[in-house]
Every structure is written in C-alpha cells, then in structure tokens.
Amino acid sequence: MTQARRHDRRPQPRRPRWLDPRGRHLGTWAFVANRLTGLGLVAYLYLHLVILSTLLRGPEAWDGLVELFRRPVFLTFDLLLVAGLAFHGLNGLRVALVGSGLLVDWHRALLVAAGILVGLVTLVAAVRILA
Amino acid sequence: MNAPRTVLLKVFRSGPDDKAPRYDQFRLTAGPRTTVLDALLAVRRRQDPSLAVRHSCLHGSCGTCGMRVNGREVLACVTRLKELGDPVVVEPLAGAPVAGDLVVDMEHVYQRLEPVGRPLVRASERAGKNDGKAGPGPVLEGLERFEDCIECGLCLSARPVAGDPRFLGPVALAAAERVLEEPRGADPRAVLGLVDDAHGAWRCHTAFECSAVCPARVDPGAAIMRLRGRLLRDRLPRLVGRYHREGRS
Amino acid sequence: MATQIIKEDFSEASRWRRRPRPTFAWLAQVVSGVLLLVLLTVHMVAQHFVVEGGLRTYADVVAWIRNPIVFATEALLLICVTWHGIAGVHAVLLDLGLRGRAERIVARALLDLAVATILYGLWLLYAIAFRS
Amino acid sequence: MDAAHVIVVGGGGTGAALAHDLALRGLAVTLLERGELTSGTTGRHHGLLHSGARYAVNDPESAVECIAENRILRRIAPGSFEENGGLFIVLTDEDMDYLPRFLAGCAACGIPTRELTADQALALEPGLTTALKAAVWVPDATMDAMRLPLRFFATARGNGAQLRPFSEVTGLLTAGRAVTGVMLRDRLTGAEGELAADLVVNATGPWCERLAASAGATVPVQPSPGVLLALVGRLCDLVVNRLHPAGDGDIVVPQRRLSIVGTSTWTVTDPDDLEVPDGHIQAMYREGAKLVPAVASAAERAAWSAARPLIGATGGTGGGGGRELSRTFKCFDHAVTDAVEGFVTITGGKATTLRAMAEATADLVCAKLGVEAPCRTRDVVLAPHTAYYTGRAA
C-alpha cells in the first residue's frame, strides 16, 4: 500500500517489545521467570556435570569438594536451586496443561496455586537444608 | 479530583529526517473526561500540527488508535488521562513498522488474518434468521467471541514474541480457532494445517498478555490454548498408529 | 519496498515446508518436562534430602550408582534434562530474532551440543560406577 | 488519450464510494485525506444502516433514498451487516397518535413495516421497556462505520484508484476562476507538493464550506454535531428507535458488544472544535433508558461528538437544532452556482446513502468531463475490507 511504502528508514522504537517490562501482567512475569529459571537450570546442568567430573579424580578431590559445599554460601545456593526447580517444574506443569488446551479458564488460579506450592517447597527445603 | 489539571505528555516522534526516534514534550490541561486521543488531537490543533495519529470512531470500535501509553497497549480513545500518572509516555505499537510518529502500518495484521479467513460480522447476532416474523433465536452465548475483534493489533504488540514477525500471532490464531469452531463454509483442514506450525499455535508462550490488553475482550490467549487442544486431538491418534495406516500426510 | 517486517508470507503453502511436526515437538517438551518433574523429585530426595549432610562421600556415591535401577534412572534423567533444556534454549534464541542461515547453524549446533552432553554424561556415569 | 484525472478530497464514506464509482467508470482517481481514512464524520457514526423509516414522514426524499440504498448495500457488501432489524416503539399516547402517519409515510416510501403488539415486540426483543404500547418492525441493520467504507476503498484501489491518507489539501490551484488542481502536504513526511487534475471533487463533509471558500465558491452547509454515547454490553439485539417526530436520545444501536445511544444536535462553525457539552451524556442515558431500561445501569465506554454536514439555507442558522435541515444530499456544480470551473462539491446525506451520493456526483463529473460511462456500483460486489490493507482483490 502507498502508505506502507513510505517508511523504510524511519527510526523505530528502541527496545524490542518483549524486553520492555512496563505495564505487563502476571502471565508475562510468569513467562519471564520461567525463561530465567530455565536458562539458570541449563547453566546448572553443565556446572553439575563439571562438578561430578571431579569424581573421576578420586576420593580426596570429591570429599574435599563435599566439605566445601557444606559452607553456608553454597547451602544458600542450593536453596535457590530448589526454588528455581520448583518454580520451573510447577509453572511448567501449568503451562503444559493450559498449553494443551486443558483447564484453560483456570490458568490464573493454576498460577497462584503453583506460586503457593513453590513457596511451600522452598520453605521445607530451607528448613531441611539450613537447619 | 475532577478538577482540570496540567499533564505532561511525552510523545514518540519519528519523522522522515530523524536519525533516531525522539520524544517531544507537551503540556496541556486535562479534564476528568479527557482521553489520551483527545490530548493528542489537542496537541495537533494547538501546539504541533505535524503530529501524526490514526483515529476514526472515538469509541473503541474501529481499532485505529491503538498505541502504547506508559508502556501498555491501549486504545487511546477510551483511555482517560485521569487514570494515568504524570508524565504520560505515548509510543506507537511494537512489532509493526512505524509510518510516522504514532502511526504504524497495519498491513501485518491483515496479512496474518487473510489466509485464515474470517467474516467480519455475523449476518445476525442470533441463531436463525431474524426477519421480524419468526420469534427470536437465542442470542449466541459467550462473551468472548472472535467476531468482536476490532483488528487493532494491540495483541500483536503485547505478545512476548513481538520480536519475531514470523509468529502468526494472537489475532490470526484466535480467528483460526473461531473458524474451526464454526467453519461457515471454510475448510477446517487447511486452517489446522496453517496453525500447526512452529511459528503458529506452538510459538505462543502462554503469557496471556494478548488477552490482558484486548480492548474487545476477545481473549485470544484462551483461544490459542483451545486451538492447541484441537491440534492435539487431531494429531495424537496419528502418533499412536493411525498415521501408519493412513500413510504419510 | 516494504520493510522486512511486513513481508512474511503467511499462506499455508510456504509454511508447510518448514514444519518438523510441531505438535510432536510440543508433546516431547511436555512429556520430558513431566518426566523431569518425577525424576528430579526422586533425584533430589534420594541423592540429597535423605542423605546425612546432603551429599554422599566418594565411596557411597560409587556404591549407589552401581545399583542398576539408580544407574538407569540417572541415565534417563540425563537424557530428559538435556533434551528439555536444549529445546528451551533453542526457543529463547528464536525469540531473540535468529533467522535464516544463522537459525539453521544454531539449531545444528544445539543438536550437536545435546548429543555431546548426553554422550559425555553417560560416559561419566559409567566411569564413576565401574572404573573407579 | 489518457483517462481524465479526478481528485477527490475527503476520505470518508462519500469519498470512498466516489473513488470506487469513478474508478469503475475508467477515470484516473486520486483520493486525498488529511488523516486516516474515515477519521472525520464517517467513522464516528453509530453504525445504523437506515431503513428510511425515521425520515418517512418529514423527509420522504431521504427515506426513499435510504430504503433503496439499504437494499443495494446488503447486496454489494455481503457479510458487512448485522442483519438484526429495527423496531420503532410507541411509548406515549402522543406517539400512538403519530403511529398512523408513520405507517402511511413508510408505505408511501416503500419501506416494509410490520406492526407488533407490545407482547410481540417484547418476545422479539426482550431488552425493550415493558412500558411500550406498540412497535413497528423495519429493516434496519447495523454496520461497521469504518469497515464498510474500507470495502469501497479496497475495491477502488483494486481498480486503479490512488488512495492517499495523511495527505492534507492546503489550497487549490486555480487558473482564472477555474480549479486546476490542489496543493498538498504529506502529514507523514512533511513533503509539500502540487497535483494537477481535470476536476476536483470536494467530499469533505462538514468541512466542505472551508475548501469551497478557498475556490471562491459557497456551499450552504451547516456543521451540526451530535453527541453519541457508547455503553458496554449488547443491551438489545435489534436497533431500537422511538416512534415519534425525531428528538434527542431516541435510538439505541447494538454494535457488536457495545450499545450506541444517539443523539443530540446543535450547530457549530468549526467542525474541528467539537466538545461533548455538559448534560448531553446524562440526557442520552435518560432518554435511552426509556427505550431499553438496561441503558440506565450500563457502564460508559465512551462519549463523543460527530459533525454532520446538514444542508440548509446559507447562514443564519445559529443556535437551535439542525434537525429541521434536510438529511438528503446535494451535489453542487460550482460552474453553475459560482462560475468556478473544474470544481464540484458533494455534501449532506448519511452513511447509508454513500453509494447514491457517489453515483449522483460521478454522473455530474462524467457529464462535465464528457465521459460516457454508466454507473455500475449497484451491482459490483465489493472486495473484503482486509483487501484494503493487503492489496489483494476478492
């Protein structure tokens, strides 16, 4: 269309829309959190493989690492990991259901339920890990 | 709180000679009923006649004045300034080429809609023919029906996947769901094939942002989910054997 | 000349060609995700929560892994998590606007990475269980 | 020899139908609109496809046009109408006294009607007030104020017309007392330019007086705004009119999931400077609720003003209502009225009669340019409105 042909080199809005956090709803935040935890967990997968590889270097190397990992800073990291796993897993379950056309009209309630469950799991893990 | 107040508008500008987008600031007095569109038209009349804005019906029915106000996709004609903070930042919709200032090219909306095919309005809002002789059929149920879509493109701007133009997008997917629900002569197989695509129904991130911004309450997000359910019910039997009997599709 | 953003061809014929059974790709992600939910819960409980101090000593780890059920479960977990994670990373990269040749290269690289990860992981499992 | 070039100024319903008509007749057409298409009066109307019954008693000329165009538009724009029908309802004894004249008027204009008792009307339209005494069914319908004209635009473009929204006419090019083209400014690029034409048509609705004046011509048109109120929810399924001599707030038009209540009327001099005067919204609520009680408690979606171009005697119609002015349209050949060649104004009319207005104008344009081509717009089925954007014909 004539109008469409006129704006080849117009400056366009700066930010890609999906990186713009203004005015977003709960659903988008859940999506963003799912992405971030997902990427974090992939990173952790490789970290985990690297750590487990020390098992190949014999008992001293491994048992030394185990001592290290019992420090509070690593335990906090463990807790973060559990929370991330719980969120990605439970929100993922919601997305799997809703995204397959099941319980579609309940998507908001399911998100709230997932949030509550994540909180509970994290709480239990906190007691278990830090106590 | 209904007294007129002064509002600062920060308006996205994109002229032919601009190297980068800029934001122009305008101050104006707003009453309790003043909408964002009223304010923009007042700016054009009294402060800067070069400001380009699309508008037509002024009551949220035509879908031309979609824009982002404080980051959020809205129809400017039904968004009152008193509901917003100060300043008010006004930008064009995302995911569409800017033709100038707040005007975006809407061709992409219709390129998406066209292959799906949809009648704009029903012949009648009631089932059955309404010629004044027969009694009325029941009013068709369901508040969220795609016939109410005003093609404003807010959903295409709000979707988390706005970065990728290949995504068929909420508007066309919701239209497809409606066509499958009530084909009215359309070919359901072709529509199913069109939306069963990595950039079709499966590209959606289930964020429901499209539904949240939809000014016509069409709820395209839920429609996409129902569409996926439909695809699964259609495709799953093939996975468990019918596929082999029928041969490759 | 229109800008590229409005030059997509949404007619079905052009979409048919680039369709690697997307419904099944979604199903694979759902199934692997649900499996992960189960396997990871088992993994977390069995490997960490029931263990005194949260981590086994070297000798305990080796003995534990030698249990064929544990070995098989961990191997399945590895495959699921790699598949699920790499597919997720692929989706993120797509959303960043990768197209054409770059998209194909990245898709190929991710597939290679997934295969390499699974092979290394399986070898690691085997090595821990039987070579130490 | 190349086809004669006609510039149509104004991208409302009239300009849309005119561009379509002229393109079908083989003329080179350029349509210029200062904003988005239908951003003036056309896009703001309530979306009623008139049966003509509203004008049958006082303005039979308009009524006959309406029912004829009602039938034609349903034929050439299938799928664009909610074919819901309309009711004129009788509320008072005075309304009842008016009923025989109303029915006689409709019959004289060829508008099909069907008298209903209050019970029959309520069965047909449960949203009605139970206070009604009787009702008359008429073939009203609801349209999309923007998308019906877009179908004319789409078809016109498919037939070679150049459509240029965001192109503002800043003045007319003249040679002596003849108009030879326009000066224009592109509102998106800021570029200024000139465009020559064999004839310029002024289809700017309530703005037509201003453009005509720049050519030294006059048009007896009064911009007469009305307030419309959009309510959330489809409160009735049929168009509900008050059966009485026209007044304020006497119609409720269901439009998808909205209900539009109209309308008031007054007159202004500048159709760009419209406001929603105090009290009009409350009046719409009050009068609308007499027809459809759910109006009273419905949430407001928007209230806005639209300026009709009403034809009347030149000057002197300050204050007061514009309802006495005719709702029919008129085509002015300024060579005859003002000795200005190459310039025609089409104004007045209603959205329902856009095609007839275009036909009359195109007939005049063709006669002036010596083009012999019959009007075909009664029969050519229009492209879908989506084709306006995608550029593909039906």
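Each chain gets a letter, A, B, C and D, in the order it is written, and its residues are counted from 1.
Here is the rule we go by: a residue touches a chain if its C-beta (ideal position, glycine included) is under 8 Å from a C-beta of that chain, and two chains touch if they have at least 3 such contacts.
Since the model is a prediction, treat every value here as computed from it, not as a measurement.
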Chains in contact with chain A and with chain D: which ones?
B
Suppose every chain is reduced to the average of its Cα atoms; which one is closest to the average of all protein Cα atoms?
B
Work out the mean Cα position per chain and let me know which chain is farthest from chain C.
D
Just give me the whole-number Å value for how far the CA centre of chain C lies from that of chain D.
61
Distance in whole angstrom between the CA centres of chain A and chain C is 15
Approximate Å spacing (C-alpha centroids) for the pair chain B, chain C
35
CA centre of chain A versus CA centre of chain B: separation in Å?
30
Among all residues of chain C, which ones touch two or more of the remaining chains?
2-3, 6, 26, 95, 97
Each of the following residues of chain D touches two or more other chains, namely 166, 188-189, 388-389
Touching at least two other chains at once: which residues of chain B meet that condition?
16, 95, 97, 99-100, 105, 107, 111, 114, 160-161, 163, 228, 232
Once bound in the complex, which stretches of chain C touch chain A?
1-3, 6, 26, 30, 33-34, 36-37, 40, 44, 49, 53-59, 61-62, 81-82, 85-86, 88-89, 92, 95, 97, 117, 120-121, 124, 127-128, 131-132
Within the complex, chain B is touched by chain A residues 1, 3-4, 6-7, 10-14, 16-18, 20-25, 27-28, 30-32, 95, 98-102, 104-105, 107-108
Spell out the part of chain B that touches chain A in their complex, as residue ranges.
12, 14, 16, 18-21, 68, 70-73, 91-92, 94-95, 97-100, 105, 107, 157-163, 204-209, 212, 221-222, 225-230, 232
Residues of chain D defined as touching chain B within the complex
35-39, 42-44, 47, 79-85, 114, 116, 123-126, 137, 142, 144-147, 166, 187-191, 228, 230, 234, 237-238, 254-258, 260, 272-273, 276, 301-304, 306, 384-386, 388-390, 392
For chain B, which residues count as touching chain C in their complex?
95-97, 105, 107-108, 111-112, 114-115, 160-161, 163-166, 168, 172, 190, 193-194, 196-200, 202, 228, 231-232, 235-236, 239
